[in-house]
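Each of the next two complexes has subunit A plus one other chain: subunit B in the first, subunit C in the second.
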Partner chain A sequence: MKLEDNKCGNALVIKLVGDRLDAAAAPGFKETVTRRIDDGEDTILLDLSLVDFIDSSGLGALVSVLKRMSPAGKLVVCGLRDAAFNMFRLTRMDKVFPIFPSQAEALTALEA
Partner chain B sequence: MPNENYIEFRVHAGLEQVRLVGISVRAIAEQFLTVARAQLIELCTVEIATNCVKHAYDGISDGELTVRVVPEGDFFVVEVRDSGKAIPTGTFGDNRSPFDFDPKNTDSLPEGGMGLALVSAMAEQSDYFRDDDENVMRMQFSRTRAVEVTDYF
Partner chain C sequence: MRVLVADDDAVMAALLGELLTTWGHDVVTVYDGEQAWLALADGEIRLVVSDWEMPVLDGPGLCRRLRSGAVPHYIYAILVTGYTSDEDLVKGMAAGADDFVRKTPFSPDELHARVRAGERILALEGELARRNVELESAIGVLHDDLEAAASVQKSLLPADAKIAGNVQFSSMFCPSTHVSGDIFNVVPLDDRTCAFYVVDVAGHGVPASLTAVSLSNILTREFLAGAAENAPANSAAIDSGRSVPEVVTSLNERFQADHESARYFTMVYGVLDCETSTIKLCEAGHPLPILIPIDGPARTVGSGGFPVGLLPGSTYEADEISVRPGDRLYLYSDGITECTNGDGEQFGDERLLSYLEETRDLPIRAVLEGLERSISRWNGGDDLDDDVSMLALDVLGDEPAETVRD
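Right after this comes the complex of A and B.
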């Protein structure tokens, strides 16, 4: 899976360019995002608008990068499609990750 | 079961092929069930197929996965078969839910061990057995069960 990132103010926006965050894609995703966190990024927006399938490996990778954040850091997600959103609800992760409909709404909330 | 229609296919046991397994089973399920139900069946199938690749074959085998879908009986049935090593006893007996966490406590969040819990919760019946030196995981899904995704955990 390819990841595109760009800086918007203080936030690093990382867009997953691929339709599945599964066991095949999760290790690369985790490694790349962890590297950004270790480089000092502490406000990260994950844009999942192209992802229509997340399995437990993908979810585990998301939890792993969340745990990597500093206590004062912020990690939010946006653009969840139906199946991906259902995975968050199914596993109660919708209570863990702040979720926004779009990048614009997420960035507004992060700047507030 | 006589005169039972089924669809069976085989793929190389690699993580890249699990995608094909999931998409194929969902496509069949969508012909018989709602889209939402078909998505959950895809998820369960992917979890089991991933388990086969990672654990039964240790991710390094030239083995195959055989997937059989029985769409028309009392239940929508998905069976995933591999010829890797046997799954250790007790793997399927752990009833602790990895999703019983405190959302405010990051340390309590699960990073793994979620796949089989998802299958146990979403399939009406899930059985593992050995058959002629093969692992078989059979999942049965109700055709009529109407549940919200938030009902499972």
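Right after this comes the complex of A and C.
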């Protein structure tokens, strides 16, 4: 899976370019995001608007990068499609990750 | 090395044979391509030095036969030729020749160098063949080990048609590889209550199956009944033991994955009370159980929960449902709903729900077998991408509640 990132103010926006965050995509995703966290990024927005399937490996990778963040850091997600949103609700990840409808709304909240 | 010389010119054949013998080879000499082909039947010849033009079967014809697949190992072919145009070389190579030696002027040094090049290629081919044999044997051992592991794992699953009170438990199980990250069981706790669970460890194959097996060793009656085990036996033991959410909470603490391995699992844990016909269900990120009430439409039970081992301190709740004779409850892994067809379309929640609704009057065995066939058809008959499992609870007619039995 390709990841597109760009800096918006303090926030690093990472967009997942691909429709599946699954066992094939999860290791690369985790490695890349972990490296950015270790490089000092502490405000990260994951744009999942192109992802319509997240499996257990994908969920494991998302939680793993969340745990990697420093306690003061912020990791939020936006653009969840129906299937991904249902998966977040079923696994209560909607209680763990702040979720926003769009990049713009997420960035406004992160700047506040 | 045994070398075959094929040349209808007896003088040239003798010269080639003498040179090759001097260089330490064991030479067989024939005078046309057909004889050459027959001589190759001895199976020891590894390299052929052949004239291009010969009666009966010429050099390129011999090369084509060598490459026809009828010869078990690679035979290196050098054509001795007066034809040296690019077109001729291409024709010779297309027929299957590996190299060429000029006839005029003939140079023994050139032949020697080309034979040596052939020996190097053959040595590589031999090494490759040897390694392939080693690899095949290693894969065979792994395959046998996996089959053994799979049968051990299967033996951990419950025997079909376990009965607790008037509830019959049946199951369906199709691992994606030999071993599986899905596991389920039915564990009678006392004469009144019976625990059951379905588990799907993240990932699949050997790492997931090791976690699944270790889980099934932990989820014993002693663990599930918790403190009740130490209390005097009484019919309400479960109430004084671990509650349904407490069992899952304690598993969550026990299975906290480190950051790297991220080996967690989803589950539904339930306890059936045979006396009151109630079921407590704790959901932990697993697909929601489907209830088919005798007199109502199919529906899912509960709303989900944190997967186990993913986040420390997760809290869990239980939903309670009452069941009546004729009701059915299905617990299943996402290998069913996420199974994709050739167009990448998932089997999906809706299709499963409709299937279970439509088959509500069929015997439970027929429902599970039909579902297994549907999944297999949906998948196009290939190996499954994910483990598929289902545990079905069938509430039987108004019989007096029996003792929980295996």
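Just so we're on the same page, the second predicted complex is superposed on the first by the 112 of 112 C-alpha atoms of A that agree within 3 Å, B and C clash if a C-alpha of one lies under 4 Å from a C-alpha of the other, contacts with A are read in each partner's own complex, and residues count from 1 in each chain.
Basically, a residue touches a chain if its C-beta (ideal position, glycine included) is under 8 Å from a C-beta of that chain, and two chains touch if they have at least 3 such contacts.
Everything quoted here is computed from the prediction, not taken from an experiment.
Of the two partner chains placed around the shared chain by superposition, neither subunit B nor subunit C is touched by A:Lys2. In the overlay built on the shared chain, the residue A:Ala24 is in contact with subunit B alone; subunit C does not reach it. Judged by the number of subunit A residues each one touches, B leads among subunit B and subunit C. Touch criterion not met for A:Arg35: it reaches neither subunit B nor subunit C.
Touching of subunit A by both subunit B and subunit C, each in its own complex, is seen for residues 23, 53, 55-57, 59-60, 63-64, 67, 89-92, 96. Within the complex, the subunit C residues that touch subunit A are 200, 202-203, 259, 262-264, 266, 285, 287-288, 303-307, 310-311, 314, 334, 338, 346, 386. Contacts from subunit A toward subunit C in the complex involve residues 23, 53, 55-57, 59-61, 63-64, 67-68, 89-92, 96. Residues of subunit A that touch subunit B in their complex: 20, 22-24, 53, 55-57, 59-60, 63-64, 66-67, 82-83, 86-87, 89-92, 95-96.
Of all residues in subunit B, only 15-16, 18-19, 22, 36, 39-40, 42-43, 46-47, 50, 53-54, 99, 101, 103, 106-107, 109-112, 114-115, 118, 149-150, 152-153 touch subunit A in the complex they form.
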